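Each remark here refers to the structure printed beneath this line.
Going by the order they are written in, the chains are A, B and C; count residues from 1 in each one.
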């Protein structure tokens, strides 16, 4: 099967690919999206568009992705199970494909207690593994989950997430295999600071043969300050910033100096993950700090991004 | 059992403010066991209501009674003769008992005194935890006896999510264990970890409340 | 009716009171004294009923922990007094209206001071702290 997206093409010809995250605004302010597109254009191969990230209401992922397509940026549409049942997910996927979206990242979704509507009723009709299987069926068999034919083709490059730093570690390894078995083609990982644990996770998934079928993109997130690192350690389950990094951030001081150090550390992490067999790219989550992507990709030697020939 | 918790007295007094003749009806089954609506709690709640409502209206009468199982019409029949003396019934049963009284005594105003919380069990003194969501199609056999629908905050059937840390669920690490850690530990102990590799398909929720209110009919018992 | 109720444990408070009365002490007019066979048997409901009946304040006098003949009766009495305070505050009764003290039979002098304090007007309820 020929690649359906630029991201897939690059991964399949073993380019070390770069995706970056774009956080949509908390309303229909297209200017914000246009500005962020300006910051990311040419810096990466595809742009993740988050779906009510951390359960905070924002302009929909599908609509933002369609805007990206219009502006010549390839989106990776994130889709969570938190807000939609199987009907809504399939309907939104039809719409997204019709509007030119080709990459999909299937997620369970952050629990709503962390967001700005903690009293909401969640859905979780499916989980992310089941969503992956459903999308594969839509694409490969042309059938909805309910078993009816899909009117039209569903060219999709199917992605999922993995958290090498979550517990129980063994399940976090095997869960990648479950996703691979369900039909996932690429995996973007949670932010990596703890190289020891990431290497161990990569070794285990490689032993299971996962990278032979699934492209793994290592997740990175530049830190803005030592405070941000400590906040993550104290408040975000499943991410851990080791002491040496916290110390380096502290030593760097405040403001721009700290931000520069954060970018430097991230560039070093990228250099290290690049050497790990099975890592086929990097996913940059500069959350509400898209300005960091340009200096970071530059420092990490990821620029310029490859250009695909017409029809490739 | 069904686990419930009494509403704040202030909420009850505001609902009961228009009434002067009040009958508090407890239930001696689940809510008595979880110390929410049995005879003892009926007595305490009634005493508090008398103190609170009696301030403005000393003529307010708050009487107490308790039936064996408020969800069964037969057990509530004993209430019928005295109901004419009251303007309102404050039910200290679960939501099932409240609805049974309302359905059974169609001219009576029935107000719930409890918030019905869940199907669960005690965790030592003064603590209860939810264990069953009543999905109508039990999956416990596939998860070593730990229910991911009830105990995982995201009901993940192919969990865990990335928010499991040190055995705790990120939604409330103090109070919630990660269901998937519990499942994992049991699988390891039972030598059944290979079960995890079977992908659980999308669940048929039609057997749950999502399929509409449920009813069981058994010809063998009729 | 008397507005203040003292609930005293038979083994300690009542003996201390008897001692005190032998010195010529007379209970204040506003105080009704009731003997509990053991303060461990004190039920929350008993305290609530007192307020229902019109008492405005209740003082529970229990044995010292190591002197309780039902082992942890004093602890339970303390717990139930605290529970009664919580419940009564739900219906707008100042929680200071329920007090709890531990006493031994030889503490007549202390009892005299406590009873004197018990009939004094309650200090005004602290204003809830305003959020900045």
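Please note the rule applied: a residue touches a chain if its C-beta (ideal position, glycine included) is under 8 Å from a C-beta of that chain, and two chains touch if they have at least 3 such contacts.
What you are looking at is a predicted structure, and each value in this text was computed from that prediction instead of being measured.
A count of contacting C-beta pairs for B-C and for A-B identifies A-B as the more extensively joined pair.
With centres computed from CA atoms alone, B is the chain lying nearest the middle of all the protein shown.
Once the centre of each chain is set as its mean CA position, subunit A and subunit C turn out to be 64 Å apart.
One simple way to say how far apart two chains are is to compare their mean CA positions; for subunit B and subunit C this gives 36 Å.
Here the spacing of subunit A and subunit B, counted between their Cα centres, is 40 Å.
Taken together, the subunit A residues at the contact with subunit B in this complex read 81-82, 86, 108-111, 113, 122, 124-130, 133-134, 145, 161-163, 165-168, 170-172, 174-175, 177-178, 181-182, 190, 236-238. Listed in rising order, the residues of subunit C touching subunit B in the complex are 44-45, 48-49, 51-52, 87-88, 90-93.
On the side of subunit B, the complex with subunit C involves touching residues 8-10, 13, 40, 43-44, 47-52, 54-55.
Interface residues of subunit B, counted against subunit A in their complex, comprise 153-168, 170-173, 178, 180-181, 184-185, 193, 196-197, 199-203, 205.
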